[in-house]
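Each of the two complexes below includes chain A, the first together with chain B, the second together with chain C.
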Partner chain A sequence: MKNRWTLYDPRLAWMLIAPVLLLLIFFLVLPIAVMSVYTFFTFVTAGVETSALTTANWHEFLTDSYYHGFLLKTLRVGAVTALLCGVLGYFPAYFIWATSFKHKWLLLLLLIVPFWISFTIRTFSWINILGEQGVINVALIKLGIVSEPLPMLYTEGAVIMGLLHFLLPYMILNVYVSLESIDRTLIAAARSMGCTSAQAFREVTLPLSLPGLAAGLLLCFVLAAGSYVTPQLLGSGRDALFGNLIYDTIMSELNWPMGATLSIVLFVVLGFFAAIYTRYMGMSQIVKGLGG
Partner chain B sequence: MKPARRKQEGRWAWRLTGFVTLCVYIFMFAPIAATVILSFNASMFGGFPMTGFSLQWYGKLMANEAVLAAFRTSLWIALVTAAATTAIGVVTSFALVRFDFPGKQALSTLVILPALVPETILGVGLLVLIKAVDQPRTLLLLVLGHILLAVPYVVLITQARMVGIRRVYEEAALSLGASRFSSFREITLPLLIPAVVAGALLAFTISFDNTSASLFWRPAGVETMPTQILSMLKISISPEINALGTVMILVTVGIPLIGGVLMQSLTKLRRRGEPKEEAK
Partner chain C sequence: MKLSTTKRLERLHDRYVNGDLSRRTFLSLTAAAAASAGLSMPWMSRALAAVEQVRFDGWGGTVQEAIDKYAFQPYTAKTKIKVVQGTFGDENEIITKIKTAKPGDFQIVHSSGVNYYIKYVNAGMNSEINEANIPNMANVLQPMIEPFRKLTPKLSAVPYDYGTTGIAYNTKVISPEEAKEKGAGLLLDKKYAGKVGGYADMTTRVWYAALATGQDPNNIKDMDTIWAKVRETRDLAKKFWSSGAELMDLLSKGEIVVTDAWSGRVAALQDQGHPIGYLDPAGSYAWMEDMLILKGSPMTECEELINFMLDPATSIAVAEGQSYPPSLDPTKVKLTEKIEKLPAFDKTGSMKALTFADPVYWATNEDAWTKQWDRIAKGA
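And now, the complex of A and B:
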């Protein structure tokens, strides 16, 4: 039996991918499919729903401005975070790439270390900086600049700062990977033909690093717009994002059909942005960024 | 523009880049440093100013049964997740790199989706599915969920390394009469080890850190370390939480660092006795 198989037999390949395929089907594809069906179920009371099909959930979502507000705010926070990440992340990526510093690996390692530190801890540690007894307020009061602690924590700014803190390494690594793939002789060529360093950067380096920047922007936007923990810890009730809305709808109100509807909405909206991105850039850059 | 002025401009741009880089690094690590410092604060309140040095919060932490239970739970879940994800990831990337089969492109896209879909959506989806088929939330489900979240990273890491291992080595072993399994075990796996270790460590930390999805998937009454921290934070930020954060940082940063150092010395030892093997 074994001898009849060719060396790279597709049948063997199927056996090898069977575990991951089962996992993806049962934990990714099927849940999203069932969730789509659930959006048409009828909500009776907390925790109880019937399979009588209805469009009530979609109707409620499409007509109630409460939900629209949440969606717009989530997209706005995601976009602001992604743009800030792009601006602030490009400098370090460029610096690490261009520096003649011998221990470049150390700078890169320091970017990877945050990935190892628990996200919850990294987020709550901002309370020690921004809180009423945090570094900034205590220092400002000691110096006599303010008499009352500034309300910095539990604001949208604090949420964005927390997201920035979480997402900057993603952005920097994405841009860095893209810069690394640039042929450095191109820049030397531009300089030898009379470009100033600024011109060489604008005409050669920047355009060639755009794929990494775009991948980073998409990644930061999607992860920020899908966040749950950061608004929960650093924001007030008013700063809750779509992820928190979904969590409360399911875990507190036990309204499963509406929770499913909101999840599908978020999935479709974020998928829409990802689709636009892959339409123009393809998936390869994201893969490089995640694996780097 | 005069060349001198041009040069000046370039230098200022470079200085600005360096300055922003420095600020970003400070931004990345200042909150963490503050947390570590505050964990030694003698004050009753979790905040500045420092009133004295004390280890009492660590003592209190060690006596906190809920925290210890959550730590043990997370540790077990992370260990099982790391082992299972690494096995699945290695086999998957072997198939993706060495074989051609229909749907390969689709699978390699599908496999990285769990890293891109927000955890809230994955969390709700799985809950809705098990509610639809009337199954309870179990630890097994939580572990399988964590495997799903870690699989994209492990596949990407092992795949990148697998591409660099030439298939002629395996084929040579096969032609000399080795079975498929022993050629994989004796040839491919040893060459893949750095990626296997890196993938396992990453899977461990992904599972150990996971918060949002675990909030949905954990069985009633079970707390993992991050969900425990979250519920402690609901009351207030206490010095005890800062101490807990510091311990967690030591564990999650220490393990990969020690692993990395071990790996490096291991490969150095190996290199001595072996002919050059890597060809890209």
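And now, the complex of A and C:
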């Protein structure tokens, strides 16, 4: 009877996670490892590199302020987007959680509806809203509020707007899940002990929902900082983020070793922030948020 | 009668039993058969089968629509070989895809002339065409073929069309007289700040900066002034476009009123009734496009398709549809009045009126200049 499986048998656990583990190794770890090796390859000319090992790509990254400037700008845009998502996303999440509307699922469904349309098409739609011939400018001119179209498209503001549009549902879902896990009797207890609604929110609801808010902030930050399509479509050249630098290095300059170096840099930097979060907040909040 | 593998092995066994084969030979042949059966992959049978389709990648939009309608569809109707199509906005994009694919996954590319031809050659992606299989090449302009032959005596590509990147302007805002007077200087006119566009491409930007600084684009002496001019245009520009569709969108919606632009796309806009004017200033950037066959392609079918595309009737129909003059020699083939009116059309067939980029000169500087342009485009 010794060989019989038990519920918490380590062999069973390994067997169950083996398929996912293999997938992760082949489709995540191995590609990253190959890219890491590529960072040491020698660029010859557009589209041609040799496997002669060199540290030239890393040297270029570490000594060229052009890359550092874009990295900092990317982190800034990511942070601003995440904070705006936090501020704008908390209230809808709170409303969905607190409402006594019996079809609450409908509100949650509305959050997911934008995902039914392609991300690129959703981003393109902002051109028709923010452009010189877009809805806002045409309306403002027809109402006589402005005489010349406002320059809204191809600016950093347009990029952040596009990112907000894309990321807000992630934030709302994260906060909502966190709010859902709060024991409502705690709020009732706070009220019974003399707290006003605002005090109960400040002393009980807000602190208990902070892990969800923090998880949402991390998700929005990482996704915004790693974005490429939104700045490409809604921004000018100056509004490019680090992802666009990687794209240009690989696709325009056909310099794969340098492109791999920049990719690894972004991976490590964003991984660093995720690691910090995991250290202090744990990953469970993100998993909860993503899992609904 | 076609023999099955089982039948063949049975016969082999019979010959061994009858003493026609030695034991060693019998075992060797059986092992070889087993190995070939065991190691054969699903794609082998497809590869050995008759070619049923050819892969083509082009620039999309009105250009590819014309090629599809007037060349690919009639070709498929005639040969039953389907042309599977893909598109790209920037040719480097397709080079990246080819680099990550197996030989044969991508087959024919509507490529941007000798500047890009060098890249395929350097990366070892090019094939060798058997020109005897493309008899219609006899009608192709020799001045267009020569630059390719200088790079590879055995061609991998056949020139197909040509055009210019001139200046397009909104005639409601800029008069033809003003455009003619200012020429390429329109791109640097502060009066149109925020309404200027341009192709997000190093060659075009450097070329027009060279014209603006009075330098020969094929022999630039002072790169610092070039980059200064590129920055000047960047600061006046609203958006650098990266595809023909984007160019047409920006111009037709009035987001920009002046830009360097591809002659054929402007002709298409004019056909649609948009108030867009076009002029080729002195030294305007001329380019040619070719049909490039990649390594690993089914050569016979690809050559047959290109020969079909070069047939005068097909080539003329495509040229009229895409609004770019064909590579056919007008001294050998009678072209239509519509083609003769297209921007950049050279009736002499000598191509001397057009200024093409010197492929060797530009290839020598391509890497460094592309890197610098990418930086300037991002505000550096």
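Side notes on the structure shown:
Here is the rule we use: the second predicted complex is superposed on the first by the 270 of 292 C-alpha atoms of A that agree within 3 Å, B and C clash if a C-alpha of one lies under 4 Å from a C-alpha of the other, contacts with A are read in each partner's own complex, and residues count from 1 in each chain.
The rule is short, and it goes like this: a residue touches a chain if its C-beta (ideal position, glycine included) is under 8 Å from a C-beta of that chain, and two chains touch if they have at least 3 such contacts.
Predicted model only: the values in this text are computed from it and were never measured.
Once the two complexes are laid over each other on the shared chain, residue contacts for A:12 go to chain B alone; chain C is not touched. By the touch criterion stated above, A:121 is placed in contact with chain B alone, chain C being left untouched.
When the two complexes are overlaid on their common chain A, residue A:154 makes contact with chain C while staying clear of chain B. Once the two complexes are overlaid on the shared chain, A:165 sits against chain B while remaining clear of chain C. Judged by the touch definition given at the top, the superposed model places A:229 against chain B, while chain C stays out of reach. Once the two complexes are overlaid on the shared chain, A:46 sits against chain C while remaining clear of chain B.
Applying the stated contact rule after C-alpha superposition, one finds that A:238 touches chain C and leaves chain B untouched.
Greater residue coverage of chain A by touch, when chain B is weighed against chain C, goes to B. By the document's definition of touching, of the two partners only chain B reaches A:138; chain C does not. By the touch criterion defined above, A:250 lies against chain B and chain C together after alignment on the C-alpha atoms of chain A. The interface of chain A with chain B overlaps its interface with chain C at residues 131-133, 250-251. Interface of chain A with chain B (complex): residues 7-10, 12-14, 16-17, 19-21, 23-24, 26-32, 34-35, 38, 88-89, 91-92, 94-96, 98, 110-111, 113-122, 124-129, 131-135, 138, 142, 164-165, 168-169, 172, 196-198, 219, 222-223, 225-229, 232-233, 242-243, 246-247, 250-251, 256, 259-260, 263, 266-267, 270, 274, 283, 286-287, 290-291. Taken in their complex, chain C has these residues touching chain A: 90, 92-93, 95-96, 99, 119, 122-123, 194, 200, 234, 238-240, 253-255, 366-367, 370-371, 374-375, 377-380. Taken together, the chain A residues at the contact with chain C in this complex read 45-48, 66, 70, 131-133, 151, 153-154, 236-238, 240, 244-245, 248-255. The residues of chain B lying in touch with chain A in their complex are 1, 6, 9-10, 13-14, 16-18, 20-21, 24-25, 27-32, 34-35, 38, 45-49, 88-89, 91-92, 94-96, 98-102, 107, 109-122, 124-129, 131-132, 144-145, 147-148, 151-153, 155-157, 159-160, 171, 174, 180, 205, 208-209, 211-212, 215-216, 225-226, 229-230, 233, 237, 241-242, 245, 248-249, 252-253, 256.
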